[in-house]
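Residue numbering begins at 1 within each chain, and the chains themselves are lettered A, B, C, D, E and F in the order written.
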Amino acid sequence: MIIKVEAIVREEKLEDVKEALSKIEVNGITVSQVMGAGMQKGLTELVRGQEIDIPLLPKIKFEIVVSSEEWEQKTIQAIQEAAFTGEVGDGKIFSYDLRSVQRIRTQETGYDALN
Amino acid sequence: MLNTGNTAFMMICTALVFVMTPGLGFFYGGFGRRKNVVNNMMNSIFIMGLGTFLWVLIGYSLSFGGKGLFIGNLKHIGLHGIGQDSVTGTIPTLVFVAFQMMFAIIAPAIITGSVAGRMKFNALFIFVALWSLVVYYPMAHMVWGDGGLLGNGWLKSVDFAGGNVVHIASGVSGLVLCLLLGKRHGYEQHHTYSIHNIPLVMLGMGLLWFGWFGFNAGSALESNGLAAHAFMTTAVSGGTAMLSWMFIDFIKGKKVTLIGACTGAIAGLVGITPGAGFVPIWSAIIIGAFVSPVCYYGIVLIKTKLKFDDALDAFGIHGIGGIFGGILTGVFASTTINSATADGLFFGEMSQFVSQVISIGISIAVSVIGTLICVGIVRLITPIRVDRKEERIGLDMSEHGESAYPSFTGLD
Amino acid sequence: MLNTGNTAFMMICTALVFVMTPGLGFFYGGFGRRKNVVNNMMNSIFIMGLGTFLWVLIGYSLSFGGKGLFIGNLKHIGLHGIGQDSVTGTIPTLVFVAFQMMFAIIAPAIITGSVAGRMKFNALFIFVALWSLVVYYPMAHMVWGDGGLLGNGWLKSVDFAGGNVVHIASGVSGLVLCLLLGKRHGYEQHHTYSIHNIPLVMLGMGLLWFGWFGFNAGSALESNGLAAHAFMTTAVSGGTAMLSWMFIDFIKGKKVTLIGACTGAIAGLVGITPGAGFVPIWSAIIIGAFVSPVCYYGIVLIKTKLKFDDALDAFGIHGIGGIFGGILTGVFASTTINSATADGLFFGEMSQFVSQVISIGISIAVSVIGTLICVGIVRLITPIRVDRKEERIGLDMSEHGESAYPSFTGLD
Amino acid sequence: MLNTGNTAFMMICTALVFVMTPGLGFFYGGFGRRKNVVNNMMNSIFIMGLGTFLWVLIGYSLSFGGKGLFIGNLKHIGLHGIGQDSVTGTIPTLVFVAFQMMFAIIAPAIITGSVAGRMKFNALFIFVALWSLVVYYPMAHMVWGDGGLLGNGWLKSVDFAGGNVVHIASGVSGLVLCLLLGKRHGYEQHHTYSIHNIPLVMLGMGLLWFGWFGFNAGSALESNGLAAHAFMTTAVSGGTAMLSWMFIDFIKGKKVTLIGACTGAIAGLVGITPGAGFVPIWSAIIIGAFVSPVCYYGIVLIKTKLKFDDALDAFGIHGIGGIFGGILTGVFASTTINSATADGLFFGEMSQFVSQVISIGISIAVSVIGTLICVGIVRLITPIRVDRKEERIGLDMSEHGESAYPSFTGLD
Amino acid sequence: MIIKVEAIVREEKLEDVKEALSKIEVNGITVSQVMGAGMQKGLTELVRGQEIDIPLLPKIKFEIVVSSEEWEQKTIQAIQEAAFTGEVGDGKIFSYDLRSVQRIRTQETGYDALN
Amino acid sequence: MIIKVEAIVREEKLEDVKEALSKIEVNGITVSQVMGAGMQKGLTELVRGQEIDIPLLPKIKFEIVVSSEEWEQKTIQAIQEAAFTGEVGDGKIFSYDLRSVQRIRTQETGYDALN
């Protein structure tokens, strides 16, 4: 069973989440920059007296592929704790089923590709 | 007789004024959206070519060739009759030609801030050529030329470094042009992501201010105490206006912004331009302190209330700041600073103040009418506005086929 | 009597020194993290407003108004008594006022490198105002003013262009401030992504070096052989220090970095500042060659060993480089270069060397005590450090509500 | 006797020429790929260190120390015998030394445009040191030195500001170097994402043009009418060439590009360099108008037809533009502008034209042979090209271990 | 049932699509910058007379997680209409099944996490 | 059957992978920039004598939607060969099942939307 955990978190939580994942020995991660909106609406800036809407806010997306439901749970848990502030805009954690995974360097597939 | 010190000073000041045009390009480029940065910069840069060419061909002659109320003559067409040995005051005439040329370049470049994000480049190209002929050269002559209407020919209003000629003319023309073009799509509902690169804005401000020392101090045309005085009033007004804009920022939003500081500095530099060599240094503090709130609330009025889409605030800063500075020159001008002016209102005289106000009125009228004429002609040749899809895609791709930072969006 | 060549030279040099402050903004801005770039730049830029204002109001008078061991007087408050016709040496006094003003602006701007990433902007604003009064104006007077303690009033130490006044004072004050502020969170465990924009750093270096020619050569106050000498020593020390830093890079990491080259150049320019018009050109090679390793290992000591969070190395470059340069001025100063100094250690005399060392000691003491006083006062008014969350989010958003490149992260 | 005005002028012009080298770094840095921007900038920057060092040590002496057909002597090694009181013409000799030093820095920096994306940095470092000795100092002597072969020693060809010495020498050397290095991988199939940052290119262009006023006008060595003349021809040629490149852009692709405008301006500045103080202003329009198409089609020929990988067009702009400008100097040179030249072809004389052509031929020969010698020596020490993987990864990481904008790709 | 709708659209359609989603009250969205190629080939630019290929064009990726097939359809429909120009390069809309979703702020999962 | 193949590869392999996909006539691709960590740890840079950790390295993400298992295999194979260097950090290839795909320009769905 191969599962991808995807989390959208606050920009400033990047390092905390990374550290939390390190601690549970989840090392294989892919991170990217995204913009998001949700319950948290964008910002309004004052530029030369004009109100400028910024409808999308920068967020960080984590993608972590794991090899069992147990690891799925652990990973979600770790992210949950590290990314939490309690204020609107903390983000979401999604998970998906994967068909396959292959490590390019070794051509290993499945479980082996992830360790 | 030629003086090497004055010549050195004026040649370097010319180079300083030159660098203001790319500076303005960065200021506008950084302030606009990412999809329009090439266009916003190009709109200044191309005038370094076109403006130079026209000036040498005909502009200098029309502006400074011979006596006349409204315009010079064609005596110096193609710089005819001006050699290495020609001297104006204590400097080679060619240095004066070059110094004034830089003013003729930056003035139309300022206008382009009003039209950002929607004007066709070929229309702008033709417009700038026409505007130089119809507005700038006459204005330069009327204010600074021999026998000019606003200057020594009749009104005796004063304009040390181009409050009327450069800032009011370009700011007002920008406003007219922005009204003729109409708003950018979606302007009323939402302004989003207006500033794409703050360091670029700051670079623009830095180069503008740096060059402005040449612009204002150089307008003394000699390396003397008057130049030093103009240098100081420039620094003081720029600095004070930066502080006063920061103060407004603080009052309004609790946060002091870098964009506010940069905008304030430019407003202060605009405000002192007409009076730099006429008003006392202490009055530069007053001009600087008040030009920022005047521009600030002017911009709010124009953009938020009247819904004019003066995109990068060419009118808001240069037009309003120039008018304000011109009026205050009439208040604080002092014969003890410069015998070329009469005393201002503050020193108990009325005449100079009245001259200043009339002169501003005429400058505005010339700019409005001139711009209408120019746009009328341009429209006979080509449409002036890009279509909606081009605007959406951005003028960088649609007008220039270029993307400013292709590998930042994507991949190297 | 006024000399137009000297006046031209000094006015342009003043503009060159002016452009160093935005240059420093870019240097610091590029070097810091992306979330702090606006703040890092703003910390220099606002002083172009505040520093100008204070200088005209009171700073010039305190620094250069009248005789005194420690400080001038209030005779020239608001530039009272200084007109277009006032002459200092062979240039208008106003040019001297403007030239020195640019020094008073950049000095506190240098400090801000030490506090990057964690100091509240309003606290910094007040601090800079106080520091100018408590440290800078007294320092400028003591070193360059009439009857100043470190200069012609007692110690007869020399400082050509501001090794003590600008670099030691700001570097040491930066160190004190960084210790009072404490480290950035996470400083000890991991330094990550420190440099966010190398071209911006290089732009800063380029403008700084460009302006430094005005800073050092202009400190001759005349357009003469001494200015030319200072110009050359400046170039030679900057260039040699760039090479020696590149050499250290190569030894340490096998790779020569652009950041290293830029840092070395600045270190070399700092190192030669006190001696530029006193030491022979060949000795500028020695100063340049050694200032880089001294700063390099100084930074390693301070940051890696002592764990001081001198974020952008204001002390590491300006403090250490300034001290080193001041001492070597005492070694290589030569009466054949400048009769205002005695011969240095290398030429067999002890006295100048001793003066230099004492002078540096006093400068350090004044900076430490002055900074402590200033911070003490600031703390009565407002906390000096942002809270942890603000630091994490970055000072651009939390202190200024601005994002430097909003559309690069995301979308236009 | 020393003249303060001329000294002021030349010292500031020296600073202006100085700033061209970082300017070139930005021009090249912005034009190349994102993965090579640090390397492209570093390739100019390091010469600010190396070139300064070598010039003071030996370069000035070899170039300007004493009479000789091919090279000076070692009389002024380490600037021996040049003091503050030494005067050259009306300026301190040290100012002349510094002014010429800036030329010796930018010339090899231009070369590096040809090698972008594939040359090892340590090989380039050694190459630049050798090339300075083998090509630049001899060229400077032959053209400008006492008794130089191409100048007053024999051929009497003229080169006002370095058409041969700087532009032809560097452009041709670049071409040779690019042929020796070979193409970048994948050069023939696809050129992709070549320009990574257009504002950076424009910054480079702005600083280059700004500095070029010092480069060309300063080559008069006095603040006089001739300097003013050179200032104007520089502006006119640069501006006109910008327009003519824009025109080609428009013809070819219907869209006028900012890169085209910037490239045209630089081509125009290169084209006028040899003749700036010899040809009439009206002829600068002709030179400017035609240098752009000549460079444009030259580049197409070299890169598209011959498939030479002159990566950033050092030969395409500087080599071709320099040759074109040198020939047209032989056409338009006029004794009424400068008595140091004979009349050109246009004014009915043959001799100057022939001298110019021969002089260009010799300059090309010296550059080709000199570069071959230098590369031969470098190869004995180290390979000159990075390997394929390093090229793919980019020279920033592989040669310098730095990434220009780490937090833009990714995260702060 | 949790479904992710992913759409690749033209850069200049960002605001239109966002508005269309707002209109049907889909507010939770994540947006990112991607480069793409497909039927639409890249561009050719002329730089100093050289033809430069730009093989990948900038596109915008929308990711929207919804809690039913009905919303999946509505969302796809809204994007389809807003992103359509009829010219090659309009982009694609994909959808996926998700295993789970969790809101970090509240630790709600499933349907609740999305509203 | 609609399958998405997702690959994280080295930055410098972008062009090679793109070419390899072209060769097997897979033209529809979406590419984005990501940062990653895994077996390959980040870098350490020396900046003014300080060691600076760079914990995440830039990587390229390919997303390719294909319409059969056969094409899934072909695509994976092509990427595997083009992205391989044998050194740690070569990256991973994942695949997912999709629910649906729709071409905005034509509203075609499923298999037709991809060709």
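Remarks
Here is the rule we use: a residue touches a chain if its C-beta (ideal position, glycine included) is under 8 Å from a C-beta of that chain, and two chains touch if they have at least 3 such contacts.
Predicted model only: the values in this text are computed from it and were never measured.
Traced through touching neighbours, the fewest hops from chain C to chain F number 1.
More C-beta pairs in contact connect the chains of B-C than those of the other pair, out of D-F and B-C. Repeated interface: C-F and one of A-B, D-F or B-E share more than half of their contact pairs by residue number, and that pair is A-B. Distance between chain C and chain E, defined via averaged C-alpha coordinates, is recorded as 51 Å. Put simply, the C-alpha centre of chain A and that of chain C have 44 angstrom between them. Here the CA centre of chain A is 18 Å from the CA centre of chain F. The geometric centre of chain D is 49 Å away from that of chain E, both derived from CA atoms. Each of the following residues of chain B touches two or more other chains: 3-6, 8-9, 12, 192-193, 195, 197, 203, 253, 257, 259, 394, 401-402, 405-406, 408, 410-412. Shown for chain E are the residues that touch two or more other chains, namely 11, 31-35, 46, 54-56, 96-97. Interface residues of chain C, counted against chain B in their complex, comprise 2-9, 11-12, 14-15, 18-19, 22-23, 25-26, 29-30, 37-38, 41-42, 45-46, 48-53, 56, 78-79, 83-86, 91-92, 94-95, 97-98, 101, 121-122, 197, 200, 203, 207, 399-408, 411-412. Residue ranges of chain A in contact with chain E, taken from their complex: 3, 7-9, 32-39, 55-56, 59, 61, 72, 76, 79-80, 83-97. The touching residues of chain D, counted against chain F in their complex, run 186, 192, 389, 392-394, 401-402, 406, 409-411.
Within the complex formed with chain B, the chain E residues making contact are 11-12, 15, 33-35, 45-46, 54, 56, 58. Residues of chain B touching chain A in their complex: 190-195, 249, 252-253, 257, 259-260, 263, 296-297, 299-300, 303-304, 313, 316.
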